[in-house]
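Down below are the structures I want you to see.
Presented sequentially are two complexes of chain A, the first with chain B as partner and the second with chain C.
Showing the complex of A and B:
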């Protein structure tokens, strides 16, 4: 146990402290936050956001970027409901399972395609995923014909109960999506900390040239990283569809920015080289809490956007702020040292 | 009259105290040399003068008035120009454009090319560079580019010109031209700060000399009052030959053999071999192609032709991962950019080459990683706080040992080491040398690429010399001599020791 705590770097858990303080403040000031329900629904939404952030943590830790995930979610959701429309009535439970597998497979393919563009065609990730952002979104409109699909209307009543359980149900008092998020987070953490792929991800984020000297296959690692992004977005999509009970091709617009912000807010630097899945998820729950808090206080939706934007900008400026603080600390220590040296010199003299 | 004065300068980087209470005063119109070993803090001090680095504390006075130098343009406006070690030219622009890039003549946003080229021509005549103002920098040789850098500094009409290792890429003739330029500038009343680790140049050109050691100020003397021995003892403080004694080894079987390596425009017809227990140096000037040769052996860069034979079998080494598998270890010359994984722990840094061997069912076994760490850190005397410490917080010497340990961990038989002691202090230097000779004694074949001749002469059994991509020397230890190596490195001589295997 002691060893376990030794491994945790408490200085890098800032977002967790912020979350606890925020919860305490809201508990003290708003009645809505004295009811357990609000926390359950925060966890439910935060879990979906958190799952999408797991793959993104790898991506940003390796000094890359994936802007296409919101479009990917929309495309996957539209494919999912299209498959359900075809398979659920005819093949029943097996049809739902096959739809699920197809969506997971497709999410891996979409992610790997991003990786291929970045690694093999040498397109900067920023541009490559901007391209697929458009392509995936357009495909979502093509697949859906532009129409939303309500899951309740395409599956039987018993089948819909199953979606309700995944999307809105609870297990041991906590949302099902929270438990699924936990499984995903543990898997992600094990990959990041305990496998070759995870180490190579961090190595590339630190220095591509040093990685090359160390014999790391950089192209392959990049493809794997983007594939991971896709896979976790796939899981997130399935939970999100069940949670919303619907799909539509315009859904989740702007979600990529929220996901990237949670990862950065969680302490994974945009400059790469380090990352933590646990804090990314804490940041997801934090962001969802902020929204819930603003709703509870009846803030109007445009003002909410301003607050969200400011938080995101703050997240992105953390590195700059940290560097400035670090700089000041080093300087003040150096000055102290200089003074001490002078003082001791004059003592001797 | 004092042109520029620095008082009590402190500057630290993570893990290193680069400057520790350094003060220096430079008289107007003098050539003031600043010397010290690698890592002494010379370049850091110059970068502070040049506005590239912020100092942590201290003050700078120019002509007696305190001033803050916040940026490169700030330095220029205070009349300071710096010629840096690394070349900072834009290769696809012309010489003229490069020189006057921050001050192009013309009006309304339009460049007056006639005037620009005329200005450049005048400057080139003044400094006698043999080229046209409209030549693209990419077509120039390394030494010509260096001259363009110098012209760039002179073009600002700065009162203080700082030259950071200006001769690193120059041959003897070009060095003479540089001396002429310096004399001219001095006659015009300019102040020159001259950094070099070539002692002969210091005595040739400077009026006074300031010595730095391990980030501290040692002293300032009139050059005429010093001789070479006195200067060296100021520089090293401790004599490295007392810290490290060469251990002769008897080379065994040939391990690595390369034949007719070739890369168009970079190197050609490179053949040599390396035996068990042999430490072979590779000397040469900047830009001579020796880094490219060894990088192509390791699979880091492509080459056009030639064979690499390991223990009698020809190998096609396409990438570093193949090289590691075939038993070649590689330690980079640029520790910060391509050596360490700065934000990762020391444990992760040491194991990164051999993660597959440390994994079971796809998961890295931390216990085996720890064993690896402990075995190397104890045998190589590395200092660290705990296994979760980030490597960026270690000193340069300790970082270097970790990178060496990383290469050794994959069980190599051939070790290629570029600039093994660049930027580390004298004590750690001696330790690296002892480690290398210990490895050689156990049968490792080692190739040491170094820009410091004393380094090659103190650790190597024999040394190759490269000039313009070709081997111009193969010199056994007994015959090694700084002048001989320099003559081979500048293409003035070829020398192959009798009876030496190449």
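Showing the complex of A and C:
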């Protein structure tokens, strides 16, 4: 146990402290936050965001970006409901399971395709995923014919109960999506900390050329990273579709920015080489709490946009702030050191 | 270092809540209780309104109407802005229910995602009134929509009035929205009923998918196939304006065009004389109506539906004539 705590770097957990303090503040000042319902609701929404953030943590830690995930979510959700429409009435529970597997398989393919563009065709990730952002979104419109699908209307009553449980239900007092997020987070952490893929991800983020010299297969690692992004987005999509009870081709627009922001707010450096899934998830719950808190206080919605913008700017400037402070610390220590040497020199003299 | 970073973040949040809190106090003029300005107070009942997006003028008017009526009827009021985002819509509306509102009014940005909200409301016995857009096939208590059929009829009557004494043909056409826009389709049906009563014939009904550019090309096609048309009705203003532009480009000013919505671009076209009228929805009175319905349900009354199967209640619409905007 002691060993376990020794491994945790408490200095890196800033976002977790911020989350706890925010919850204490809200608990003290707002009656809504003295009821368990609001926390469950926050965890439910934060878990979906967190799951999408797991893959993105790998991506950003390797110094890449995936802008296509919101479009990917829309496409996967549209395919999912299209499959459910066909399979759920005829094949029952097996149909739902097959739809689920197909969506997961497709999410892996979509992610791997992004990775292929980046690794093999040498398109910068920023541009490659911008391209697939449009392609996946357009495919979502084609698959769905532009129409929304309401899950309640395509499955039987008992089957809908199952979707309600995934989307809105609880297990042992906590949302089902939270438990699924925990499983995903542990999986993600093990991959990042314990496997070759995880170490290679961080190595690429630190320095591509150094990684190449040390014999890391960079192309393959990049493809795996984007595949991971896709896979976690697939899980997130299934939870999100159950949460919303529907799909539509225009859904989740702008979600990629929210996911990238949570990962960065969680302390994964945009400059790569460093990342933590635990703090990414804490950050996603933090962001959802801020929104819920602002709503609970009835804050004007234009002011809400300002606050969200400021938090994001803060998240993206963490690196700069950290570098500036590090700089100052080094300088002040250098002066101290110089003074000390001077003093000892004059003592001797 | 970490501590300092944390302090900055907390400062931002504290500032945010301070701003929000102050704004709220100014609005209501109540600063007596320092305990959560926007949660349900112990005394009196609360009506929550989840609005589509406060960036749009339509919903600003709707919110103004809702708020004034809620306050006039002595309820507490909580507003939530979905900002056109379905996740915000579901989580925000459910949080309103968690906050303990006694009735929920919602203008859903994505009606297809209403089911989770309505289920959560039903579990806590909170009535749900949908304001415009659509009900998503859920178990809501009532949906308020503009009286589209009657609006179409008004447009037809106005067209007939303008054409009185006209010696031209009796041919008219309708440019329709996409078939899935169930409410918009009723506009054309209302128009058709009254214009045919007056002895005109609807020779073409074409879908412009609610888009301005399709309104333009359809009008061009109509001019080619039926150059002797005397009037065109567009089920929304963008298509009406598109059609008006096509007419202007073709140098024709002898065809009456009436649209639907009361959009600013249609008013401009009417000022320029290329369009003759539009039927405006009245979001403010729609908002007021939803509160009256919520009040009826909260005081144990029953609602008087215009269409009991879909639980629809119609809000009146206003015809704007070209003479009104000059």
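Definition applied: the second predicted complex is superposed on the first by the 349 of 349 C-alpha atoms of A that agree within 3 Å, B and C clash if a C-alpha of one lies under 4 Å from a C-alpha of the other, contacts with A are read in each partner's own complex, and residues count from 1 in each chain.
Simple rule for what comes next: a contact is a pair of C-beta atoms (placed from the backbone, for glycine too) under 8 Å apart; a residue touches a chain by one contact, two chains touch by 3 or more.
Please read all numbers here as calculations on a predicted model, not as lab measurements.
The superposition on chain A brings chain B alongside chain C with room for both. Considering which of chain B and chain C touches more of chain A, the answer is C. Of the two partner chains, neither chain B nor chain C is touched by A:220. Applying the stated contact rule after C-alpha superposition, one finds that A:196 touches chain B and leaves chain C untouched.
Of the two partner chains, neither chain B nor chain C is touched by A:120. Of the two partner chains, chain C is the only one touched by A:30; chain B is not.
By the touch criterion defined above, A:206 lies against chain B but remains apart from chain C after alignment on the C-alpha atoms of chain A. In the superposition on chain A, A:325 makes contact with chain C only, while chain B stays out of contact range. Across the superposed structures, the minimum distance from chain B to chain C, using CA atoms, reads 17 Å. Within the complex formed with chain A, the residues of chain C that make contact are 1-2, 4-6, 8-10, 12-14, 16-17, 19-21, 23-24, 35-40, 54, 78-81, 83, 85-88, 90-92, 94-95, 98-99, 110-116, 119-120, 136-138, 180. Listed in rising order, the residues of chain A touching chain B in the complex are 6-7, 190, 194-196, 199-200, 202-203, 205-207, 209-217, 273-274, 327, 330-331, 334-335, 337-338, 341. Interface residues of chain A facing chain C in the complex, by the touch rule stated above, are 11, 14, 17-18, 21-22, 25, 29-32, 35, 37-38, 41, 44-45, 147-153, 164, 167-168, 240, 243-248, 251-255, 288, 290-305, 307, 310-311, 314, 318, 321-322, 325-326, 329. Considering their complex, residues 8, 10-12, 21, 54, 56-58, 298, 300, 319-325, 330, 332, 334, 337-344, 348, 352-353, 355-356, 359, 362-364, 366, 388, 406 of chain B touch chain A.
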